[in-house]
Amino acid sequence: MRILLVNPNMTQGMTDRMFTIASAIAGDRAEIVPLTATRGFPYIASRTEAQIAGEIALEMIAEHREGADVAIIAAFGDPGLAAARELFDMPIIGMADAAVHTAALLGGSFAVVTFTPFMNRWYEDCIKATGLSSRSRGVRSAAEKPIDVASVRDDAREELIALARDAALKDGAEVIILGGAPLAGLAPEIAADVPALVIDPISAATCQALAVAGLAPGLDYSTRATRPAPKSSVGLAGPLRALIAGDV
Amino acid sequence: MRILLVNPNMTQGMTDRMFTIASAIAGDRAEIVPLTATRGFPYIASRTEAQIAGEIALEMIAEHREGADVAIIAAFGDPGLAAARELFDMPIIGMADAAVHTAALLGGSFAVVTFTPFMNRWYEDCIKATGLSSRSRGVRSAAEKPIDVASVRDDAREELIALARDAALKDGAEVIILGGAPLAGLAPEIAADVPALVIDPISAATCQALAVAGLAPGLDYSTRATRPAPKSSVGLAGPLRALIAGDV
Amino acid sequence: MRILLVNPNMTQGMTDRMFTIASAIAGDRAEIVPLTATRGFPYIASRTEAQIAGEIALEMIAEHREGADVAIIAAFGDPGLAAARELFDMPIIGMADAAVHTAALLGGSFAVVTFTPFMNRWYEDCIKATGLSSRSRGVRSAAEKPIDVASVRDDAREELIALARDAALKDGAEVIILGGAPLAGLAPEIAADVPALVIDPISAATCQALAVAGLAPGLDYSTRATRPAPKSSVGLAGPLRALIAGDV
Amino acid sequence: MRILLVNPNMTQGMTDRMFTIASAIAGDRAEIVPLTATRGFPYIASRTEAQIAGEIALEMIAEHREGADVAIIAAFGDPGLAAARELFDMPIIGMADAAVHTAALLGGSFAVVTFTPFMNRWYEDCIKATGLSSRSRGVRSAAEKPIDVASVRDDAREELIALARDAALKDGAEVIILGGAPLAGLAPEIAADVPALVIDPISAATCQALAVAGLAPGLDYSTRATRPAPKSSVGLAGPLRALIAGDV
Amino acid sequence: MRILLVNPNMTQGMTDRMFTIASAIAGDRAEIVPLTATRGFPYIASRTEAQIAGEIALEMIAEHREGADVAIIAAFGDPGLAAARELFDMPIIGMADAAVHTAALLGGSFAVVTFTPFMNRWYEDCIKATGLSSRSRGVRSAAEKPIDVASVRDDAREELIALARDAALKDGAEVIILGGAPLAGLAPEIAADVPALVIDPISAATCQALAVAGLAPGLDYSTRATRPAPKSSVGLAGPLRALIAGDV
Amino acid sequence: MRILLVNPNMTQGMTDRMFTIASAIAGDRAEIVPLTATRGFPYIASRTEAQIAGEIALEMIAEHREGADVAIIAAFGDPGLAAARELFDMPIIGMADAAVHTAALLGGSFAVVTFTPFMNRWYEDCIKATGLSSRSRGVRSAAEKPIDVASVRDDAREELIALARDAALKDGAEVIILGGAPLAGLAPEIAADVPALVIDPISAATCQALAVAGLAPGLDYSTRATRPAPKSSVGLAGPLRALIAGDV
């Protein structure tokens, strides 16, 4: 099985860290193909950047889709997710979307905890997009302050535990999603200190990619009514242009 | 890995059919432990029966939980699901709940298609319980008529395809859930005739069981704030009584 | 008129206190038949316990339904309510459900105030189950501390008044539900100190039982489409088994 | 006990019919005081008319509130309900509001059936106002045709039964509200022909008036934060002006 | 173009201030016709007063509708809005309704900030009536204290800025509505101090009146199915009576 | 005043037709600057195409924003709307978004009528994005058949009238949105035949652009908390790159 790990950000280090986690989970069940954007932004953090990165994600999947069974769009905010699910003849997993649905499969309510208030609105957009707002207990974030992305996992550890405790005890969240790529892999380390289940989005996304890939042999993408009709275009990257044009 | 396949109905044949499908999906990644209720009802089909079967599901999991990594409650309606997620220190998957979340991971909207109007209300209860009603396009069922459960898969095949087509083309469903144990395994067979993705609940539940089991090593169930306090009781089955009493 | 007051908990003292209040309201209009569970739990306080107590409530009603006009399931959380409404040919009142609908009949918004944070999640589940979340202003509870159930009404009186004032003045609740059996009867005593209407769930449930019983002569339960078909079963208490089997 | 039966329409015959039904239900438990509007419209049938009739309802209650324990606003659409609940120091019951909450106390879902499509939008407004839209299965009405209000109960009987059957069997409604004053009292007559519980709004309103009156001794209206501050006014009917001015 | 500026309050000074603002926006594109209620209340501040003022608004529009292109109901709470939209053959703008929709046209989420907690519930009712609650971040109001309506704009300026900052930074509101007639015109003055867009309801209402008047030539009000049938009445103000009777 | 009319499609004829309508509405109040995409698609008709066209809309606005007061994204589906509202320091109007809010300002409920079922899902996405689904009565579309975009206005006229009549009479829509660029300008022509108000999206968008531009002098975009921080990027069109980088 082949899973595309599509990082629509240009930061290779993020891809590497996510690749390590995803590979550990997939083991010998799947080959993880790490892809890092070669145009766009170092780190997507706004609706504007997500609008643009969404097309970049489509381009990356279009270019590497040959032989792939499923693709993970590996950025919170899930840029391009709805479009990719419409366009490609394989399952597409979004990192935030997968984290939220996985949380809903584990407990009655969930919350997001993260290291900066900067992303709150975006996380809330993500939750709303899943349709599961009624089960959300909101987003709690650390106070605004200068952040070293490389060490924030350690620097903010105690504050994150405290936020997760509040989300569980004050807001009643039964599952905590630890949001933000710089926190990838922290969940199991603080699990014992948090009175709720704690999940890591990239791990959840990998598990869900394996899950839907397990169903994929029985799914027939070719007959979908929602498949866009072939369409000519100007100015798109080659493989994406060809796919949309039906030149397959 | 060990997955309990808990059929809270007393019909062994249903367990067998689901076991076959689940085992094929799990392959050598997990041992599927099939369990059939020894008290209760041949086939749960009402809220009353689900109320009672919910306790039976708890009893079955309590008795066999030793060494298990995850349990599937393998009946549409997911009897006992919320209670089991509260009580047991492992992930619990509900068949309807897993089908709905999996559908939401594959496309923007979903519908349920089934072979008898008898279960419509229950399916709608299931969708509502997930919190995903805003993405549902409803339940379509075959006309009421006498049904031979053993052959309904073949007898109703054309009618089910027509219903699924309507759900896709008239209601706009992008994913179809084929509801009801007698239809287990039919999804891939009709996929090519339906202009939407078609999923089979027991397959979806197995894939989701594997997915959450993949996360389980990082989940710490022992610290959960929602874990019920130990409680004495009268009249419960032994292992369930002991677990609730904290005699573990 | 005959009203079953079904306490699915095993604590006789709770039944006695509720019986006194319900009898005072019913006067000579109805005979209140107090019933206390003989198996199950001293005091239901979790989803697990409610799952099991729901069946116990069904058993108790099945055993005493002869000659009864309506039954009250007298425990917050309303264990077994939806199943009982489906199964029995008479109206069934749930204590939390009745409190919420009565609150909605008295004012535009309502809140629940209670003496321990332990039950918050359950109260919220109850409100959600009624479908009236959009009119709820949430649950406010006293700080976590050791509680003597017998004296909490007096011990926590000032704190409860303060919480109710906040629910009214800060959250805008027009009606306050005083939740939890140990507070039964407290509502009228603190009414003058709270800038909102204050209601007592067991009183509300009794009034609603009388209300629906008033309609009952015009209701024909025998023709309901949602009545479950007769079904054989194994291991159920005799009267419940007989009723479900259609041996009436 | 004294219950004001406030008909904000000017048609005496409607008041008489509702008085007969309400009196039969109240028996010797309450005196029903029938009031018919002396200004306004023969029969309210639009938002405009309801806007105006709402003030008329306030005037009528203000004039007769001395000694009353509860008031019923006896017109579908519940004109003036929210204002009356704010203004008067006693419980106020709306006919549509009471029917919907009573339906919700009897079953999981409800629908309205009525004799003309003319009122559909208004009934839907009523349901929406209760906050219970998620439990509604909509409004079904007879085809548009000339109607003799005096005989529509008999003329439309078969069509209404058919509509109610469809609401129950096709839409899954467990309770049917028979909407519209000309149908008052029809519910019990057709109950045996409808596969759902059928309720009559004026009967439901009377039962709920008795229910909330039963709670009233414990309710303290004088301390409510939502009580409007005294306010001078120009041009209002005397008793309403005096009440709003705090000249009590 | 002729726009009725209908103040259903009796306070001339409020009309004057709103007229000044509206006229400045309309310039030579429209004649603003200021109307002040001659009966009713000095300042509407409750549901009761709004119920009555709604009819007064209908009377005022009915009397001056000749030659008018659109009417603004210029009081927060939008008394009579739904009825007026049904009754009159021209667009009707509500001040709160227009502010909320304009906010939604400018940004993803909005909040209301006002100078007294007294109106919170009413503002929340307004937001709910628009159907846009899911985009609301709530109402923040200054602490309760004696207020001089004439100078509150200056007296509360700093506190209002602080509240608006909190609504933007803590609640994530992208647009702030400055609620309450005494704050009319303050929005642009504090815009630079608030990290969100700030809008003034009467300005928003005037802009929306011009917008819908721009569409009005293409709207045919005479054929509307929702137009109430002509109806006789007793006791209404002459022009309103005549309009409802169809004597046009 | 200067309004950018941004057509993110490449079809000049559509821009011309919309320019004619918008100019007629704006008169001498605003200069309409018509812009047609020079890359992308002839006509956007899928989520994929909208994902890409969203970036194109951002590029077009970025390139021409100098001296503009407001921009209209003139394609149903509003590609790039949320991003553009975040990025640009001026109001951004979406054609579908404006049509829906304008409909909500004119009546209690609305529906969309269009000439092909192909766009139903997209129209529903648009309605959902506004948050006004509770006021929508859905989308009705002509049967699927070959369409000549140039003449569909005439060819489908009778069918569209019939659909609009059904939306009004069967679904209760008080306002009809005539969706799809090929129908631009048809609304006033059929208004007399439809028992509801009928609105044209491009006209509604132009009116709303003028409305928000009227407020714009009082809006301070420079202080917004939601303004993205300057960010370097690779591969973006020059003006968009510069704007995102803060090189202004």
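As written, the chain order gives the labels A, B, C, D, E and F, with residue 1 at the start of each chain.
Just so we're on the same page, a contact is a pair of C-beta atoms (placed from the backbone, for glycine too) under 8 Å apart; a residue touches a chain by one contact, two chains touch by 3 or more.
All of these numbers come straight from a predicted model, not from anything done at the bench.
Asker: If each hop has to land on a touching chain, what is the smallest number of hops from chain B to chain F?
Answerer: The least step count works out to 1.
Asker: What is the touch distance from chain A to chain D, in steps?
Answerer: The fewest steps needed to get from chain A to chain D is 2.
Asker: On a C-alpha centroid basis, what's the spacing between chain C and chain D, in Å?
Answerer: Once rounded, the distance between the two centres reads 26 Å.
Asker: Quick one: chain B and chain E, Cα centre-to-centre, how many Å?
Answerer: 51
Asker: Centroid of chain B to centroid of chain D, CA atoms only: how many Å?
Answerer: So the centroids are 43 Å from each other.
Asker: Residues of chain B that touch two or more other chains: which are they?
Answerer: If we look for residues of chain B contacting two or more partner chains, we find 82, 108, 121, 134, 226.
Asker: Viewed as a graph of touching chains, is the assembly arranged as a line, ring, star, complete set, or other?
Answerer: Other.
Asker: Where do chains touch, given as pairs?
Answerer: Here the touching pairs of chains are A-B, A-C, A-E, A-F, B-C, B-D, B-F, C-D, C-E, D-E, D-F, E-F.
Asker: In their shared complex, at which residues does chain E touch chain A?
Answerer: The contact residues of chain E facing chain A are 108, 134, 172.
Asker: For the complex, give me every residue of chain D touching chain C.
Answerer: Residue positions touching the partner: 25, 29, 82, 85, 91, 93, 97-98, 101-102, 104-108, 130-132, 134-135, 168-169, 174, 187-188, 191-200, 203-204, 206-208, 210-212, 214-215, 217-226.
Asker: Which of the residues in chain A end up touching chain E in this complex?
Answerer: Spelled out, the residues of chain A in touch with chain E are 120-121, 124, 128, 133.
Asker: Show me the residue ranges of chain C that touch chain B in the complex, using the header's touch definition.
Answerer: 10, 38-42, 45-52, 54-55, 58, 80, 82-84, 86-87, 121, 226, 228-229, 231-236, 244
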